[in-house]
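These are the structures, in structure tokens.
Here subunit A shows up in two complexes: once beside subunit B, once beside subunit C.
On to the complex of A and B.
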């Protein structure tokens, strides 16, 4: 009885994890500009990975006695994801990527006399690739 | 708090490293204790130049409360973002928000920036060099001032009490 309840919980976390990871990836393709696309992977996909790992944690704890590694992986994923997304946003601001026109607020980092690059024509190097 | 010494500049970090090492190895054999102990001493010594000073936790209970609140907010944030992504009409109101920081120390600012990234509809994008403004990109925001007030009340004030007051 307890086993089937726990199996249900495992199935639920796995499905939730898969759904969150899928929605995050969908956001990566669907949203309009770089800054909005950043929201998908930084939040949704991280929770997706977290849910999957929790499911795995419960499953292997049941079969092989308590394991704790998955919990550590989850914690590290939650600590590192904001840092990487912060660095991505920072480099996008540095390249002055144009935000979606509906975006309110015009931070000083995006204002310059340099021509702005749109997402489609990203800056290439001086020499064309072979 | 354990006082820092020359060979253990960050005792709490060393303890955490040893603990994480033992948990990852999933064993408490003497060899793992020795290896973990060596790592716990060497890693803080090597990483020392990157740390400014060891953060002190002044209100541990508040920290636990804060972690629980952030965990709950992460789930809420994900449901919100999922709804926004799946909404076929795509009614989003993205905005850049300049958030005025009142936190002073780099460590607590880092924690706040990470929290902002993980919680409802906001990604911290840039910390201005003067350390007083955090540039946030929000996915869907109606009232910018309300967002600033919410972050201040919900996250910045507790962090202030935990690390700085």
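On to the complex of A and C.
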């Protein structure tokens, strides 16, 4: 009885992990600009791989006694995914990749493309200073 | 029940790797390609773990751990190179 319930849990985690990873990769392929594309893999693929590793952990714990090694990769993936996403976003901002018009936010790194006003060109008020 | 779920998960992860490869080939900018390769190694970890379940062997765990660590280090190294023009200053 318990074994069949655990088998159902394993099957559920495997299919959920595959579905999450597939949806993340679909987002990586179909979204418009880099700042949108970063969302799919950095959140969804991490969750998908984590689900699959948890399923593998339950499977081998059921067969050959308790194992916790798979938890190591899960924790490692959950720690390192935000770090690599942060570095990728920083390098994309450094290269001034062009955002889609629907992408929200106006980071300071992308604002240098605007025309710069020098002090003489800026309006100084109603009356000029004496 | 596990067999069917295993095949479905293998098919989904293989499709995910194919989509990542497509983005890595057509990706218009360099960070796009790095992101695609980063996602591809994450998906390959899951593929190796599923292969281990299919064969009923725990020996593939070390390969998955090695891919995870080397993939993270290489992603950070390439991003650092894009940011600063050098890896270790």
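Brief remarks on what is shown
Operating definition for what follows: the second predicted complex is superposed on the first by the 112 of 130 C-alpha atoms of A that agree within 3 Å, B and C clash if a C-alpha of one lies under 4 Å from a C-alpha of the other, contacts with A are read in each partner's own complex, and residues count from 1 in each chain.
The rule is short, and it goes like this: contacts are C-beta pairs under 8 Å (C-beta built on N, C-alpha and C of every residue); 3 or more make two chains touch, one makes a residue touch a chain.
In this text, all values refer to a predicted model and were calculated from it rather than measured experimentally.
Contacts of A:8 after superposition: subunit C is touched, whereas subunit B is not reached.
Contacts of A:37 after superposition: subunit C is touched, whereas subunit B is not reached.
Once the two complexes are overlaid on the shared chain, A:102 sits against subunit B while remaining clear of subunit C. Judged by the touch definition given at the top, the superposed model places A:72 against both subunit B and subunit C. Judged by the touch definition given at the top, the superposed model places A:82 against subunit B, while subunit C stays out of reach. Look at A:21: by the touch rule set out above, it reaches subunit C but stays clear of subunit B. In the superposition on chain A, A:64 makes contact with subunit C only, not with subunit B. Contacts of subunit A with subunit B, set against its contacts with subunit C after fitting on chain A, overlap at residues 24, 26, 38, 40, 46, 67, 69, 72, 81, 83, 90, 92.
For subunit A in complex with subunit B, the residues that touch the partner chain are 20, 23-24, 26-27, 30-33, 35-36, 38-40, 42-44, 46-47, 67-69, 72, 78-79, 81-83, 85-86, 89-90, 92-93, 99-100, 102-107, 109-110.
Across the complex, subunit A is touched by residues 1-2, 4-6, 8-13, 15-17, 19-20, 22-23, 29-32, 34-36, 38-39, 42-43, 45-46, 49-50, 52-53, 56, 58, 61, 64-65, 68-69, 72, 75-76, 79-80, 82-83 of subunit C. By the touch criterion given at the top, residues 7-8, 10-12, 14-15, 17-19, 21-22, 24-26, 28-29, 34, 37-38, 40-41, 45-46, 48-49, 52-53, 55-56, 59-60, 63-64, 67, 69-70, 72-73, 76-77, 80-81, 83-84, 87-88, 90-92, 94-95, 97 of subunit A touch subunit C in their complex. Those residues of subunit B that touch subunit A in the complex are listed here as 20, 23-24, 26, 74-75, 77-78, 81-82, 85-86, 90, 92-98, 113-118, 121, 123-126, 135, 137, 139, 144.
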